[in-house]
């Protein structure tokens, strides 16, 4: 289906305690035709300039190299009237996204994936893994830590969206299917926040999987694509000391939210 | 100093048990002027073609997508008469290589690094971290596992070159210095094998650090550059089943091996 | 000093979902002269009988082997007019409490303890370890998991009383000092709950250490003594399925709470 | 069957580098009628006296509190003409041996055990768990570390006898069956060494399980009984510095070794 027009925004307020080198990943990526957007950084009310950098998956990162102490605000707004073209396989994606990464420790989970999903491949594998994580891992805010990887989630069986996504990815990679994390704006998500979902490469497409089922996939808008949450965090402090004081995310569609049966295969658009 | 001319080679013999998708990383990278090399893949004696792909750090990966069961051999030889130009900072390197990765779990070690290296930055930090790992971590073949990361090495205090390198990297990243793993041919290494060392970005250069001190840095030749051993493994099995049966690495220089004081700062050339 | 008379109580309400084998550890132990107490178990309002068992440290465990589904309540009250005699070394205590245990993984922390407390022994060691944990580990309810051991607390630097106690114990054992966990009633604790503290054997006495400093040690009353929280949990479900629905703990002294300087050495009485 | 007469011995040579507090667990326990034995400790050739202590499972520990630097030898020999009476349930064994312990982290493995052995109890459970570990975990000397627990073995699927035993125990405890580690002399074991097996309590007996199947259970002789290898190590250094330089274990039977079908239930005698 053609996704409806989407309107997304985010607002961050960060206390910079000592001069900081910061990276933000809040802007929509993916070449949406007709995209109109605004991204404004202000330090103590005064507008400052960020440097935009593209990562190897063409996510847009915004960097503030020497942010003086003070109150930093980040205001992003975008109108997304049209879907983005389907993501393609680039460079060494197949290799990169099949390897283990910090929070998707597929090498540790290899035996476990083989136990649970023996003999499955392709669409069946994607369905089975997503379904397994959906039914076995309880969504429970506050139950996980930012240092937790997929093995931890496998053992504890609780987590938030990033944890479920990491476990799906780790299982898929362990069974040789390229898989990656995507941070998205997700109209319909309750409570509204940044969301984390999975893209798995099979049969010529990056299939969009969401074990949480908390928002319709057809209206999600891509922000950042990477190996795991280490690559896609909406804010990274490379140097200095900061404290996130406020975060507000909004995402909605024109008209009704699309229906998601949670079983059919979709791509992010 | 100008590194001497180097001659390197590697030979792998792999039993492919079921049709396999394989990636090899054994070829020299880094734009050495006058490089002459040969890389030959043979399946049951018959030459087969590999596809060359560059990763985001311009390492050369060679992929054999559908390798039939049989005996695969990989033979690589290179004469490296000239040094490569110094590696530069590319794209989002500063961001990429400051983040935690699979085997450099700098987020877990952040408090520890702060304890051991409080207040140090730049050259002092690189020296102190390298020295710490050199004196605290015993080189002991067979003592570590391929799934071990830097935290494990920190706790057990034993490992091989990749473990020491991972720990150096994790400490540096935890203290906001970009650092990455490089697999190299290392003339002088005993016993001869592929070697793993560290590059840390500071003051406009990628400084070459080797906590093991097992070979002179001036004669090392770059193979693969990445976040950690997940990126730089000389062989990765993306699909299928394989068994490495033989590996032989050779690396030597014309004339005498350069002397390495293990303390001064060098770059890989 | 002579501890004041103490009055303690606890009330648990447990939903037994399927026939359960339960162990409770809520009763005061330690041979207090003049102790008067009452411990009543009720299933759906009807009083039922528990079996009392002593563990090797003479803690009193109360077991309900076949508890039918329903609402179980546990009501304990005790008046403790007199101090208990000082705990002695029994049987193989020195051996038992120097070994690593489930949540006091002193074998993993051995190198770390040696780093932080090199050369310290006896009273100095106890002081240094307690002080280190007090200043480095933040007390933060909800920050830790029941499966966390001392290494986890060392890395994350947050936790509750049991986490701090486990870390103190692990450090001490790693440096060859017998140490154990004691669950106590702790007049003055805010918010009131069961509390976990440490006893370390040195110079002929079990010294009472509390890295949290949240309540005066002189008025604490011993409940259960063991290797770690696996031994001292106030409720253990050996079989069946249960859910703790309410817990209320109370502990107070006659007159004023004793003052605790947090530095001098005390024993539990 | 009635076990044959057994003859066992062990010889240890330990270099004591600094004054050490040592515990040995090499002597047969279990009240064998007619047992004749000799246990001799020598420091630099001179006989010294050890103190015998019983742990809560009546294992015999021998302690040398202040062993001066030098060469310590331990020589043990025993003739065991008669079987020991069957082990009984004592004190809080059911509670103690159902709880998680250092190397049997049943709390971490609870979900996994439920996955693999859903619905099984009693004899079926013991058979299924033993069989699972026997077929899934490869016996591979040098593949594991002394700090590894059952979770690690579950993930890596390799180990030695103690690792297999820890995993069996952790699974059983996670499913509420009391289980414990026993170190034994094992006639028929190749290569000869101390061996580690499991006792599980069910239906009024401690059933002897050995996932390795490396020696007949009917001729094994109990040394030490405990929660896991932290309790049963043949040598523990409580203080000081030591180095084990030689170990030689011998165990044989009069006549032929009994046959072990590896499936029927046996008890240690």
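When the chains are written out, they are named A, B, C and D in that same order, and each has its own residue count from 1.
Please note the rule applied: a contact is a pair of C-beta atoms (placed from the backbone, for glycine too) under 8 Å apart; a residue touches a chain by one contact, two chains touch by 3 or more.
All values derive from a computational prediction rather than experimental measurement.
Undergrad: Pick same or different for copies subunit C and subunit D, depending on whether their interface residues overlap by over half.
TA: Counting which numbers both chains contribute, over half are shared, so the two copies meet through the same residues.
Undergrad: Go through A-D and A-B and name the pair with more C-beta contacts between its chains.
TA: By number of C-beta pairs in contact, A-B is the larger.
Undergrad: Could you give the separation in Å between the centres of subunit A and subunit D, each centre being the mean of its C-alpha atoms?
TA: Measuring from centre to centre gives 49 Å for this pair.
Undergrad: Between subunit A and subunit B, what distance separates the C-alpha centroids? Give it in angstrom.
TA: 30
Undergrad: Considering subunit A alone, which of its residues make contact with at least two other chains?
TA: Residues 108, 147, 155.
Undergrad: Over in the complex, which subunit A residues touch subunit B? Could you list them?
TA: Residue list for subunit A touching subunit B: 21, 23, 53-56, 61, 63, 91-92, 94-96, 98-102, 105, 107-108, 146-147, 176, 230-231, 236, 238-239.
Undergrad: Give every residue of subunit B touching subunit C within the complex, in rising order.
TA: 108, 111-112, 151, 155, 157
Undergrad: Which part of subunit C faces subunit A closely enough to touch in the complex?
TA: Going by the criterion above, the answer is residues 142, 145, 147, 156.
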